[in-house]
Amino acid sequence: MSGNDHPSLSDVELRVRSLESLLVEKGLVDPAVLDVLIDTYETKVGPRNGARVVARAWTDPEYRERLLVDAGAAIASLGYRGRQGEDMRVLENTERIHNMVVCTLCSCYPWPVLGLPPVWYKSAPYRARAVRDPRGVLADFGVELPVETEVRVWDSTSELRYLVLPRRPPGTEGMCEEALASLVTRDSMIGAGLARAPEPGSPA
Amino acid sequence: MSGNDHPSLSDVELRVRSLESLLVEKGLVDPAVLDVLIDTYETKVGPRNGARVVARAWTDPEYRERLLVDAGAAIASLGYRGRQGEDMRVLENTERIHNMVVCTLCSCYPWPVLGLPPVWYKSAPYRARAVRDPRGVLADFGVELPVETEVRVWDSTSELRYLVLPRRPPGTEGMCEEALASLVTRDSMIGAGLARAPEPGSPA
Amino acid sequence: MNGGHDLGGMHGFGPVAAEPDEPVFHHEWERRAFAITLACGLLGRWNLDMARHARERIPPPRYLGASYYEIWFEALLTLLVEQGLLSADELETGRSAEASAGELRVPGPDAVRAILERGGSTRADEAPARFLVGERVRVRNRHPLGHTRAPRYVRGRAGTIEGRHGTYVFPDAHAHGGGPRPQPLYSVRFDGIELWGKDGDPGSAVYVDLWEGYLEPAPEQR
Amino acid sequence: MNGGHDLGGMHGFGPVAAEPDEPVFHHEWERRAFAITLACGLLGRWNLDMARHARERIPPPRYLGASYYEIWFEALLTLLVEQGLLSADELETGRSAEASAGELRVPGPDAVRAILERGGSTRADEAPARFLVGERVRVRNRHPLGHTRAPRYVRGRAGTIEGRHGTYVFPDAHAHGGGPRPQPLYSVRFDGIELWGKDGDPGSAVYVDLWEGYLEPAPEQR
């Protein structure tokens, strides 16, 4: 699968537009519903949600414990739930174990905590290679792990959705939850990246 | 892989022409050699060769025996040899066993006896399906074999080249070698078809 | 099915190219394709497994040559026609042949908000499980023409049951009108070397969610 | 490599469409692409295994979307540039930077006629063979990034040695400048059910030519 540049783009554009009109004309689709769907996943639901879950887990040992044991309930307690996140598991990265999530067969992704997946996550290069050469993929993201660290790749073949709990970066002692959340990148919650180190001299 | 209709056809055409000029200009390719290559495989070498081998085997039991034991020498004795047919095996179809040849990885094919392969032989549908569902492929060719007949598919993964010796059709007793050769189709020598039945009342 | 979608372990696609500050949608048509796909899904005429199978059935050259929302869009057309919501003629002309959605309940914005937040788990009542955590299993070597969630790269390979997820709707049946037929679902761990031989990473493992029907006890070897 | 070329066992490509009275070439450019590919091959700068690998390296979306002579042509460009016979600049401009073929021996029409008729066998002197006819073997589960002639669909599967072909140049080495490294080559029979499980045809078998290095003794199972 290619990226988002495609020679027949304008053709697709026309066909999508024409289908939408037809569906509305037939009463199969309510235009107001389309607005709700787009607004929800373009502006309301995104990786900020997951970042708040992670930051809470970093700062609250009891919450972290609940998150690892019953991810769905712990995540819902922060207000995140719903479609494509009905059955959640959280995978904790440690010094010894690095978890990374892929969907080799399609594009399964935990929407309530991460929003819609980026193009690379749905693309053939990632789906083909993550399960065979995870360290090579991490290198594409500029991440190099010690050889002693075991890399565990989770192929999302069922309706369970996986969220990676990245390692808390050093030098973040005493930082507040909100500041910590700003260090949690989307990629770190897929396991294709690490959480950001704080800027030197940034507020705690 | 698609067939031979392709949107960027004229583009390919220009690129091929431009490369040929460049190769000739650089002295890497002799235009007279291109003529030899095209003439050889477009007009001289083709499935008529294989058909003569088959017809000989049908009429001469001693030749058939040699063909099955040392295909290369038996085929060369009729004057067919060379590139992409250096190491030959002949597979005899019987009432109990039907052989069919494919090259799942590329397009290996016995040039000296069959010429260049048809598009379908090189195409994804045949290469993908022949090894998994040979009877389904035969059905695409209008061939239905008794369930008792074992289908043996030969995947040409090495430099050995396979020629199928199809069954001699009934009603051909006493026909001469040349008339028999006209019944031997290319597809029957790949194992994707059967030899033709003689026209009613055709000369022996 | 062994379609163009079953990509695990393939070579030759090049490096993973992440786009910095990637927007949620790159084009207006992607936004629309996404929304109408979800909206039509809410009509209840197909489930997610059927939708996935419609995507998988796109011939491999087209699947691999298309962007992901193009795949969604192609599959949506397939589903709309197969389920009788649009006729081939309507698609061709872009004009509606009949004006109403008929018997269908088309949810409005508030209903949709509620549905998105509620989701719809495919978890079912617990069923007795055949395999125990820690047990060695092997993935059956199956190549069904229909939908399946056992990727090719694990078929025939041996792994260890690392966890039980519970009992879930079985996609191979659910995608083909066979009903939910729930089965126990396991997390199975495969070592990199078991999956890829000497070409694997000995310091890696792949965890795959596999339904009980995909598995058999691993043969003991002498 | 597990490229777009390794098609055995894939679904979704549709029926086999044979063309009645198909011509040898469909377009003049195919005729030319075929001839220049063979002619350049006769320069002796690459072997057939290298040529195959150049085709396999075409990214799967392009490989599967191209016609076969387009694949040949793309691979020819790759080989010409990699072997230093053409510069990227020459390809770009279509103009020769230096006029001569240098040290290369470019065969003329008579030499080529003789080469075509003689061919060039890759058979080598007999080497001792590890496996006996009738022995059960299993194809090693390898996924090399380089060239190999063990298709994915037989890896990890068990079969029976049905015949010995002799000793032949080993493609996995030969495609990568590793020299001929000849190995015994076997005809291995795989039952349809072994390859495809319940989805196979019990009345079919696949015979695959496999080099000794691809094989290991089949494990005995209790």
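In order of appearance the chains are A, B, C and D, and numbering begins at 1 in each one.
Following the convention adopted for this analysis, a residue touches a chain if its C-beta (ideal position, glycine included) is under 8 Å from a C-beta of that chain, and two chains touch if they have at least 3 such contacts.
Source: prediction; values computed, not measured.
Looking at the partners of chain B and chain D together, the chains they share are C. Ranking every chain by how far its Cα centroid lies from the centroid of chain B, the top place goes to A. If you average the Cα atoms of chain A and of chain C, the two centres end up 18 Å apart.
Measuring from the averaged C-alpha position of chain B to that of chain C gives a distance of 41 Å.
One finds 53 Å separating the Cα centroids of chain A and chain B.
Once the centre of each chain is set as its mean CA position, chain C and chain D turn out to be 33 Å apart. Among the residues of chain B, those in touch with two or more other chains are 1-2, 124, 132. Looking at chain D, residues 9-11, 13-14, 56, 60-61, 63-65, 143, 195-196, 199-200 sit in touch with two or more other chains. Chain pairs that touch one another are A-C, A-D, B-C, B-D, C-D.
Chain A makes touch with chain D in their complex at residues 1-2, 124, 132. For chain C in complex with chain A, the residues that touch the partner chain are 5-11, 13-19, 22, 24-36, 38-40, 42-43, 48, 52, 55-56, 63-68, 70-71, 73, 76-77, 85-86, 90-91, 94-96, 98-101, 104, 106-109, 112-113, 115-123, 149-151, 153, 165-166, 168-169, 185, 192, 195-196, 199-201, 203-211. Taken together, the chain D residues at the contact with chain C in this complex read 1-4, 9-14, 56-61, 63-65, 140-145, 152, 156-157, 195-200, 219-222. Those residues of chain C that touch chain B in the shared complex are 60-61, 143.
By the touch rule above, chain A contacts chain C in their complex via residues 1-4, 6, 9, 12-13, 15-23, 25-30, 32-38, 40-42, 46, 81-87, 104-107, 115-116, 118-120, 122-135, 137, 140-141, 147-160, 187, 192.
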